[in-house]
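For reference, the structures are reproduced in the following blocks.
Next, two complexes with chain A in common: one pairs it with chain B, the other with chain C.
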Partner chain A sequence: MATHQIELSDPKKAVPILSEFLSDILAEEQVPFEIENAMQLCAEEAVVNIFKHGYKGAEGPVRVRFTLDDNRVILEIEDEAPFFNPLTLPSPDVDAELDERKIGGLGVYLIRSLMDDVRYQETPKGNCLVMEKSFSG
Partner chain B sequence: MECNLNITEREISGITILDISGRVDAATSSKMEEELTKKVDAGVINIIMNMENLSYISSSGLRVILASLKKVKSAGGKIALLQLQPGPAEVFKMTGFDRLFPICSSMEGAVEQFSA
Partner chain C sequence: MTSENTEINLLHTLRKEAGSALKVDIWYEGEIWVFHPVGSIDTGTCGDLEVTLIEGIQQGMRWIVLDMTDVRYISSAGIRVLILGAKTLKQKNGELKLSTLNKTVEEIIQMTGLKKVIPVYPDNQSAIHSFSTKE
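For the complex of A and B:
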């Protein structure tokens, strides 16, 4: 089992740092392309939501832990923002025609769609989102 | 920090082609928003977004493209997408965006979208 961790704090730099961190690990671990894309997306969507809504655009600690266990990847994202379970957000209507389409609200939907399992936990300091996905070797 | 998104512009048969390469994520989507807003505000309403070299798009990018599509449609225009790569194509499919845009595999096919 391989575990890698990074701590982000600056909302302006978080996404490129996170992307590079994941690219390096996923290349090193030789994870298939579709899993890399899913991991990049879910990590970005979760982290962006934390900075935007949890920390209201301010700096704050966000810890991203990536674990590869056989053919299963686990992403755990912890913050110290006020308690909020993103999984309670309603799903957008992805079948709506253009006129009825709302702009935004797709981040959590993508996480739910791409991952096999997504869990939310309150922690003593804030929030933790755990996302898992299996793949065939 | 280097911006991992490049957008260049050209024109074919009076249609503006935006060649987009790199990643459209929360850090780079504002650059695409600026480019598209500049075009639409200047009256450009028929646009082909060539995504042959776009490796990644997140919901931040989808938001920008959807907002632009709404604007050009209300002005009687259209946005067609060209050569979506596997990662972005999956995102478009999952979110139903593949039904909002014509997605073409050749430039000729994309240009034809504007001939009707």
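For the complex of A and C:
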């Protein structure tokens, strides 16, 4: 089992730093491209939501832990923002016509759609979102 | 259609605007404009595409094909810009179309229901041709 961890704090630099961190690990571990794409996307969506909504655009600690266990990748994202379970957000209407279509609100929906399992838990300091996806070796 | 000089100035402005993180090449065929972003459309780069698209629409472009040949990744931030562009064009009696999606980008476009509201074509020529057959 391989585990890698990174701590982010600057909302302006978080996404590129996270993207490079995951690219390096996923290449090193030879994870298939479609899994890399899904992990990158879900990590970006979760971290952007934390800085945007949890920390209201300000700096704050976000710890990202990546674990590869056989043919399963696990991404745990912890913050110290006020308690909020993003999985309680309603799903957007992806069948709506263009005029009725809302401009945002797709991030959590994409995480739920792309991952095999997504769990939320409160921690003593804030929130933790755990995302898992399996792939065939 | 705008005059030749205005077009050259417009292209220069758009390229300058898009020059930071996401390169967007732009060309036209008749009254159809083709935007060709190169790179990932994510939280960090979506603003470049938004500025380029909205600036183009404000300057009079109405029929736009977004050539996705060289976009290997799109997040919800990028999807937001596509919906914004499509809505803005529709309000001005124009239309946004997508062409040449790779497999992973197509999966996200499909998953978010965008195919229902933004037409997708396998290549630029069929996207461009679809405008003329509609009229």
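The working rule: the second predicted complex is superposed on the first by the 137 of 137 C-alpha atoms of A that agree within 3 Å, B and C clash if a C-alpha of one lies under 4 Å from a C-alpha of the other, contacts with A are read in each partner's own complex, and residues count from 1 in each chain.
Following the convention adopted for this analysis, a contact is a pair of C-beta atoms (placed from the backbone, for glycine too) under 8 Å apart; a residue touches a chain by one contact, two chains touch by 3 or more.
Given the structure is predicted, the values throughout are model-derived calculations rather than measurements.
Is the arrangement of chain B and chain C around the shared chain A a clash or a fit after superposition?
Aligned on chain A, chain B and chain C clash with each other.
Looking at the overlay, does A:Arg101 come into contact with chain B only (first), chain C only (second), both, or neither?
After superposition on chain A, A:Arg101 lies in contact with both partners, chain B and chain C.
State whether A:Val48 touches chain B only (first), chain C only (second), both chains, or neither.
After superposing on A, A:Val48 lies in contact with both chain B and chain C.
Just to be sure I read the superposition right, which of the two partners does A:Met1 touch: chain B = first, chain C = second, or both, or neither?
So A:Met1 meets neither chain B nor chain C here.
Can you give me the overlap between the chain B contact set and the chain C contact set on chain A?
15-16, 19, 33-34, 37, 40-41, 44-45, 48, 94-96, 98, 101, 103-104, 106-107, 109-110, 113-114
Which residues of chain C touch chain A in their complex?
42-44, 73, 75-77, 79-80, 83-84, 86-87, 90, 103-104, 108, 111-113, 116-118
Contact residues on chain B for chain A in the complex?
Interface residues on the chain B side: 1, 4, 23, 25-27, 56, 58-60, 62-63, 66-67, 69-70, 73, 86-87, 90-91, 94-96, 100.
Applying the document's contact rule, which stretches of chain A touch chain C when the two form their complex?
Per the stated touch rule, the residues are 15-16, 19, 33-34, 37, 40-41, 44-45, 48, 93-99, 101, 103-104, 106-107, 109-110, 113-114.
Could you please specify the touching residues of chain A with respect to chain B in the complex?
Result: residues 12-13, 15-16, 19, 33-34, 37, 40-41, 44-45, 48, 92, 94-96, 98, 101, 103-104, 106-107, 109-110, 113-114 of chain A touch chain B.
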